Amino acid sequence: MIQKTVKSAEEAVADISDGAKLMMGGFGLCGIPENCIQALLKKEVQALTIISNNAGVDNFGIGLFLKKRMVKKMISSYVGENAEFERQLLSGEIEVDLVPQGTLAERIRAGGAGIPAFYTPAGVGTEVAFGKETRTFDGKQFLLETGLTADFALIKAWKGDTAGNLIFKGTAMNFNPIMATAGKITIAEVEELVPAGGLNPNEIHTPGIFVQRIFQGKGYEKRIENRTVSF
Amino acid sequence: MIQKTVKSAEEAVADISDGAKLMMGGFGLCGIPENCIQALLKKEVQALTIISNNAGVDNFGIGLFLKKRMVKKMISSYVGENAEFERQLLSGEIEVDLVPQGTLAERIRAGGAGIPAFYTPAGVGTEVAFGKETRTFDGKQFLLETGLTADFALIKAWKGDTAGNLIFKGTAMNFNPIMATAGKITIAEVEELVPAGGLNPNEIHTPGIFVQRIFQGKGYEKRIENRTVSF
Amino acid sequence: MLTKEQIAKRISKEIKHGQYINLGIGIPTLVANYIPSKIEVVLQSENGLLGIGPFPKEMDVDPDLINAGKQTISIIPGSSIFDSAQSFAMIRGGHVDLTILGAMEVSEFGDIANWKIPGKMVKGMGGAMDLVSSAKNIIVAMQHCSKDGQSKLLPTCTLPITGIRCVKKIVTDLAVLEINPSGGFVLLERAPGVTIEEIKLKTAGNLIVPNQVLEINLD
Amino acid sequence: MLTKEQIAKRISKEIKHGQYINLGIGIPTLVANYIPSKIEVVLQSENGLLGIGPFPKEMDVDPDLINAGKQTISIIPGSSIFDSAQSFAMIRGGHVDLTILGAMEVSEFGDIANWKIPGKMVKGMGGAMDLVSSAKNIIVAMQHCSKDGQSKLLPTCTLPITGIRCVKKIVTDLAVLEINPSGGFVLLERAPGVTIEEIKLKTAGNLIVPNQVLEINLD
């Protein structure tokens, strides 16, 4: 089996440089690549384009990039919960491309799957349709949307093996498996790294072919945005 | 949980009638819905349109439908291994629409996912491109292909639960999970049926939302087309 | 006038056995509390889950299990996990039977606006545009008027819209209304203690009042 | 002249450490037998498997584990299973590094025909059109001439084509050839005992013969 292991987050992100286009897995703070985020914060790379469903919160996740002004452009579906982001946006310090969540997911999947473009109903008749081709199929209108890829995809899985195979847990899966397919270089951090052969082939969510580097992360905080309990 | 269980293959296919458009899972004879095939053979429905990667062999799988002249049209990527099929085709008794395998898979996924059409490079410059829109993205040519759906999708899984969740095993997975998403009515037969809650939510390949009927099959033959062994 | 909880309770009566349902953030989330136990439905969360359960006990909180509102949740037996592309494949493909969501404005043709206030709010549309462009049945849960007293039921939306001609029904603190396919809000039910006159006054769009308008039944 | 096994062995020398490879039916399948053990590669089967192992022992045959040629197979540690859409997402998305497949004809521009003989054979293209339209590197394994002695290396394909301008290299029983980007078969190596004259005679397309043409080394 082809081995994908690297020693650390620092080694994994060593060649990510200013101006890079990154995909980052996670929904809110759930399933985000915490170790890679820390390593990039240390590097203080600049002018990043980040494709991520959300922009973190003020003091965690991608929010930390925003605080350090590392981000030139965000491509996201929802960027609330982040006052500093809203400030940078309203002041014009940051560009943002808001994309319907399902369109974002499908564009990422398409990018990874060699589909240059597809039609979707989401956004017909709205601002999202500006400048896009509209086409009717079976009497219903659809927009043409294009596939998305990135220089690097930074993703977080529950378990992984040295061949790059990944298994996710719960809703920490979210955008991670599709982003894994769409990075020219995909870097996976996992809570538990096992030798190739240590995972059941039928249970693998992301086949190793999509992963170029893998390492076992450490010190996961897994912050909760809205702790809601019943009594 | 919504319960999807039916008692038998006969009950599951009771409302499939002449002229129906069916998707049938499997690659060669691997992962085919053997019980539903038997039940349909008994019903002797006519003039079926069948979307299936292959057409079975002369005396098993969809090949048995062909013997009984139950099929009006096949939509497939590969129909070798079947002399009766070749005879019906050359004599004009059956229509066949040959589709590149990846295009077939993607068209089925698109149909289930509400994507009316997408662009793919497969078939550019070949017979497959006749009558189709060709479009250039980033200097490369692509064909416009449309989503596929069916009146019924007949699929075979390894394990399932009463809520319709499915887990596949080995390469018997193949077209089954995507066809599950593209049938107006999806009928799943499984080797082992457990109560809802009996499967790990993280290991489920096909969420129950895609399955309308499920039953535990019996007497699986699992014929092998090319038994190849090493010594 | 209905409380938020009562709006949620009234909407719960629209739910049918066997449905797959996506509940938006806010009042729609409360609907789950009022679904009768004999009616079996499955709640979808667009971040990748079918089978949302109640909020967890403190000791069972799992940061890897949240809903689309980023709240910690539990899962029910028979639930399943999937990625974001698969989740919206379900939504776009018409596999989700019912979508209940909030709105800032609804037009008398069923257009909905709920994602942006130019110059003020830039949170984004999340999954709302996908949901409203694809769902077979869309019910809006909202207050009849904004905080400053403006009607949210309009001839046409003034805010950037989320989707066109998609809303089927609206449940507000004052009334239950249906969108007439050729335009207009059909008044189906009024809240206890609310007159038709008041609803007329607070509906900026064309209000169609049938001969009989029942009082909303919350039992 | 090379045997089928020798064609496979020669092609195995084109394989690099760390590659993901799709092997077609026939001679390409044999290539797996000649990959040196120190070179780690992963074989993809388009019916939904990464990590094809050797054919199984009789007692280990599993009907639920086959390759794209419907042969029973084993899997190696680190393998993974996926559906047909995911499989061709890998292929179309350029994640598979090398495709080795058979052909009925190859043109001097790298067009390939291998799926149909009008009026005679209607088996279908299977995954070949997807593979040739997407793979970064395509090597064809075939006999230099058909059974009735016709050259299979042509100025243009006479049979319905599978893909245009996609083949990079061809290994036949007589020679190793490369497609010249502006047209023509560049003769890289000749089989032991085969003269350049014979290859010229049996190549209907434009054959480009460099100053030096090595003999194929099978060690």
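Here the chain labels run A, B, C and D in written order, and each chain numbers its own residues starting at 1.
We take it that a residue touches a chain if its C-beta (ideal position, glycine included) is under 8 Å from a C-beta of that chain, and two chains touch if they have at least 3 such contacts.
Owing to the predicted nature of the structure, the values given are computational and were not obtained by experimental measurement.
S.K.: Comparing A-D against A-C, which pair counts more contacting C-beta pairs?
M.R.: By the number of C-beta pairs in contact, the winner is A-C.
S.K.: Please flag the chain sitting at the greatest distance from chain B, going by CA centroids.
M.R.: The most remote chain is C.
S.K.: Please report how many Å separate the Cα centroid of chain A from that of chain B, as a whole number.
M.R.: Taking the average C-alpha coordinate of chain A and of chain B, the gap between them is 32 Å.
S.K.: What whole-Å value do you get for the distance between chain C and chain D if each is reduced to the mean of its CA atoms?
M.R.: It comes to 56 Å between the two C-alpha centres.
S.K.: Counting in whole Å, what is the centre-to-centre distance of chain A and chain C, each centre being its mean C-alpha position?
M.R.: Here chain A and chain C have centroids separated by 28 Å.
S.K.: Quick one: report the Å distance separating chain A from chain D, using the average Cα coordinate of each chain.
M.R.: 36
S.K.: Scan chain C for residues touching two or more other chains and write them down.
M.R.: Touching at least two other chains: 49, 81-82, 85, 88-89, 91-92, 134.
S.K.: Indicate the residues of chain A shared as contacts by at least two other chains.
M.R.: Correct list: 106, 109, 113-115, 120-121, 168-170, 173, 201-202.
S.K.: If each chain is a dot and touching chains are joined, what shape do you get: line, ring, star, complete or other?
M.R.: Shape of the chain contacts: other, as it matches none of the listed patterns.
S.K.: Can you identify all of the chain pairs that touch?
M.R.: Contacting pairs: A-B, A-C, A-D, B-C, B-D.
S.K.: Residues of chain C touching chain A in their complex?
M.R.: 45-49, 54-58, 61-73, 81-85, 87-89, 91-92, 111, 116, 122-130, 133-134, 160-164
S.K.: Please output the residues of chain A touching chain C within their complex, sorted ascending.
M.R.: For this pair, the touching residues of chain A are 27-31, 53, 76-81, 86, 89-90, 96, 98, 100-106, 108-109, 120-128, 158, 168-178, 205, 222-231.
S.K.: In the complex formed with chain C, which residues of chain B make contact?
M.R.: 1-3, 109, 111-115, 161-163, 165, 181, 195-197, 201-202, 204, 207-210
S.K.: Which of the residues in chain B come into contact with chain A in the complex?
M.R.: It is residues 106, 110, 113-121, 135, 137-138, 140, 142, 146, 167-170, 173, 201-203 of chain B that touch chain A.
S.K.: What residues on chain C touch chain B, complex-wise?
M.R.: 17-18, 20, 40-42, 44, 49-51, 75-82, 85-86, 88-96, 134
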